[in-house]
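Right, one structure below, let's go through it.
We just call them A, B and C in the order they show up, numbering each chain from 1.
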Amino acid sequence: MKIKDLALLIEGTIEGDDNADINDLSGIESARQGDLTFAMDEGKLCLAEDSLTTCVLTTKTSRKSTKTLIRVNNPKLAFLLAYNAFHENVSADSMVHPTAVIAASAILGKSVRIDAHVIVEDNVVIGDHTTVESGAKIKKNCRLGEQCRLHPNVVLHENTIIKNKVVLHSGVVVGSDGFGYMRDRGKIYKFPQLGTVVIEDDVEIGANTTIDRGSLGCTIIGSGTKIDNLCHIAHNVKIGKNVIMAAQCGIAGSSVIGDNVTMSGQVAVIDNVTIGQNANIGGQSGIIGHIRENASIWGSPARGVRQVKNQLAVLSWLSKNFSKISKMIKDIDQGKRQGVL
Amino acid sequence: MKIKDLALLIEGTIEGDDNADINDLSGIESARQGDLTFAMDEGKLCLAEDSLTTCVLTTKTSRKSTKTLIRVNNPKLAFLLAYNAFHENVSADSMVHPTAVIAASAILGKSVRIDAHVIVEDNVVIGDHTTVESGAKIKKNCRLGEQCRLHPNVVLHENTIIKNKVVLHSGVVVGSDGFGYMRDRGKIYKFPQLGTVVIEDDVEIGANTTIDRGSLGCTIIGSGTKIDNLCHIAHNVKIGKNVIMAAQCGIAGSSVIGDNVTMSGQVAVIDNVTIGQNANIGGQSGIIGHIRENASIWGSPARGVRQVKNQLAVLSWLSKNFSKISKMIKDIDQGKRQGVL
Amino acid sequence: MKIKDLALLIEGTIEGDDNADINDLSGIESARQGDLTFAMDEGKLCLAEDSLTTCVLTTKTSRKSTKTLIRVNNPKLAFLLAYNAFHENVSADSMVHPTAVIAASAILGKSVRIDAHVIVEDNVVIGDHTTVESGAKIKKNCRLGEQCRLHPNVVLHENTIIKNKVVLHSGVVVGSDGFGYMRDRGKIYKFPQLGTVVIEDDVEIGANTTIDRGSLGCTIIGSGTKIDNLCHIAHNVKIGKNVIMAAQCGIAGSSVIGDNVTMSGQVAVIDNVTIGQNANIGGQSGIIGHIRENASIWGSPARGVRQVKNQLAVLSWLSKNFSKISKMIKDIDQGKRQGVL
């Protein structure tokens, strides 16, 4: 990409050679010729000048440089925009590795790439420009959209629906049976697990995360949502749009997570509750009831962040002053028995 | 299955055509002709009548219907019983995919199904009607019983023993080395990991869960026990019969979980403790000592549920009244110094 | 190995036949002829004598025995040393399974073993005596050192660097994209994930653990460090040497864990903090700030262990005495209003 085309894309102004080619992005420490990097301050700009980088994204107010600059309002955000333009998950050529096992009834779109030891079962449909990396398994009747990328060893169980531009990282399991049982007279019976999973556009799911199918009905991951590694999404959960969920969170059966919710790591959400949109959930929170929109929540069990901090401060104060307080209570108690109070 | 045979199985009484065939189960929303569904109330019964379903499980007291009904005491439980009868994990035909790699010394029972890219190493024995799905790896000397199902990418390490009707979901690892180390003069030495894992009848284990082999001796998962996704079972743990363990729990080395224990998600159990049978453990609990039979436990560190709730309420009250209380304590403290009390 | 050679290795003195062969190690319960076992006390020594074991490691002060003894200061530690000598992860023969897919540009060292359905992509370098078990995927430009072992289904993403004697258990993912996003005007943009992972000598990583690549720069796991199952190590984390991290811990982006830190299970560490060397972190702790060297820390949010125990004791006492205390506060409050205090 030419620097002038890039500047157009990220709404920046160029100082220097606007005709040079940009081949890749990098951090300043590892920049090579042809790279784009970014510098938020003077120190980083000096480092960039000492590097081999071809072009530097920087602020509107920084000094002139020996390198070609693109000036923008927010260099970090502009760097992200450039990265997202450069690294679209598009498979450009059609390729099926000879060790892949593809059912005759499967339908592959244009420019689909299927790597070694992939398995594609009966009636699977895969959209254009989608990449399925080595060892991934796509079971019967799954439908994948366009420009998706399945990393190695991903497993999609029967009937899973994956829309467009979805990225599933290595070891992700989608559509495994939900965990539903009923105890009756000393035996445990399994609840039917007959539903499926729908993953909407632009979703990205981290390595070794598991998403169970609906028992009856669907588990849904809304468009734009990003889920980190080792999360557990149970049967019939509905996750809204543009949710950010950090690693090792677990969402129990049938709970609903509203749009734009942000969740730190290791959060647990009990079954059958609703978290309102835009809520912000602190790390290791334990959600055991409904959470209203825009709430800021923390702790196990989860309460308002301010409330939790107050309670921690009060407990700390009481603990530090405990010998005095307990003696005081004892004195008053005895005084009372003696009729003083 | 004929409706009359199904009614016999679930101890129900038929109203309508008892000779029709049932081919599958479904939720009301997606019911097709030939399906069995269930309706707990009038609203659901109306929906069922508007659907294509052939037969509806309902209560003994509900009204008559245009659909064939089977009346039972508990329609939901009856639906589970019917599902468990319909969905036995039985491989009916013998099949070994040509891409599977099966050692000459492995012994496969009758009607065993081995899917693509499966690996079965030396001296493995697989019982009748067991299914091993694509990409599963079964290492040396493992023994699997009858009617088991290993989902894609399951790994069984050397010497693992799997009894009958066991279901292992995608990505489960059984028999990995335990985590035992000893620090000595600035170096870390590994404790021997020479034991194995025994998984008894009717166990089901969720996607990407890991179960370590015993260091010396066995890790045991008792019959009927159900373990959800992303759990960690350490070396030499003994889990009793009919235990229900929700997602992301971790049990440290050599701990013992009694029969019929129920554990919510993200519970941690320290090493070398015993949880008595029928105990009920709340989500995110941290078990750091023995737990007696029938106990209801919650919190980190875990205490009795009632105790935890009381303490949370007290802390909340103290926090709300803190400005008053702290001033009172200050006043008393000063009064005391002045000889008032 | 002859008993006399073993005794030399573990600095023990022999009582009995110093010329017999030791073929393997075992626990007393499963000891066979040719095995070495250990007995810390009289009871275990009796059991060892009743077993088929050839040689017993015991203390300097225990009684004489019918079995050949090796007396050492610490029999358990000596058993570990013997085990570590016996079980080096050395592949002795060169072997590439015909179903493996090895790029022409990959360079394999001496005596490398590549099992079935392994994939080795372009420009990968694998050192001498390294074993890659079935279904492992090694992507472009990865470099592996000598005497490493990758268990089944391990995935190494592009550019990962693995040094010597590293063990990665089944299902480990190294080099997946970090979880970095930025919200801007209702859309979520992905932060560049261009870096890599370096795993130093003698590291062992448990089943289904995930380690993300640096976004710009490296994620580093220091030499001698041991990480248990189902842990999450985020982008740009630096873990020091000889760290012990139990199962299901999660370390958020760019945090630094000092040398010799010990971490129990299910700990969460927020991004961009430093944990000083030799710190000891209790189970389920939530680290939300820097931790100084040698600290003993517990709780969520994490505080000093002594502080947490005090606070728990105070809360318990207040809860037990709450009816008395709340009445007292009410009385004083009313007395005050009446001018008593």
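What we mean here is this: a residue touches a chain if its C-beta (ideal position, glycine included) is under 8 Å from a C-beta of that chain, and two chains touch if they have at least 3 such contacts.
Note that the structure is predicted; figures quoted are calculated from it, not measured.
Participant: Could the interface between the copies chain B and chain C be described as same, meaning over half of its residue numbers are common to both, or is it different?
Facilitator: Counting shared over all numbers used gives less than one half: different.
Participant: To the nearest 5 degrees, please report the angle of the rotation taking chain A's Cα atoms onto chain B.
Facilitator: Rotation angle, to the nearest 5: 120 degrees.
Participant: Quick one: chain B and chain C, Cα centre-to-centre, how many Å?
Facilitator: The mean C-alpha positions of chain B and chain C differ by 26 Å.
Participant: Could you pull out the residues of chain C that touch at least 2 other chains?
Facilitator: Residues 99, 117, 135, 153, 171, 208, 230, 248, 266, 284, 300, 315, 318, 332.
Participant: Which residues, counting only chain B, touch chain A once they are in their complex?
Facilitator: Within the complex, chain B contacts chain A at residues 25-27, 29-30, 76-77, 79-81, 83-84, 87, 97, 99, 115-117, 133-135, 151-153, 169-171, 204, 206-208, 224, 226, 228-230, 242, 244, 246-248, 264-266, 283-284, 300, 312, 315-316, 318-319, 322, 326, 329, 332-333, 336, 341.
Participant: Touching residues of chain B toward chain C in the complex: what are they?
Facilitator: 99, 101, 117, 119, 135, 137, 139, 153, 155, 157, 171, 173, 176-177, 179, 181-184, 186-192, 194-195, 208, 210, 212, 215-217, 230, 232, 234, 248, 250, 252, 266, 268, 270, 284, 286, 288, 300-301, 307, 310-311, 314-315, 317-318, 321, 324-325, 328, 331-332, 335, 340
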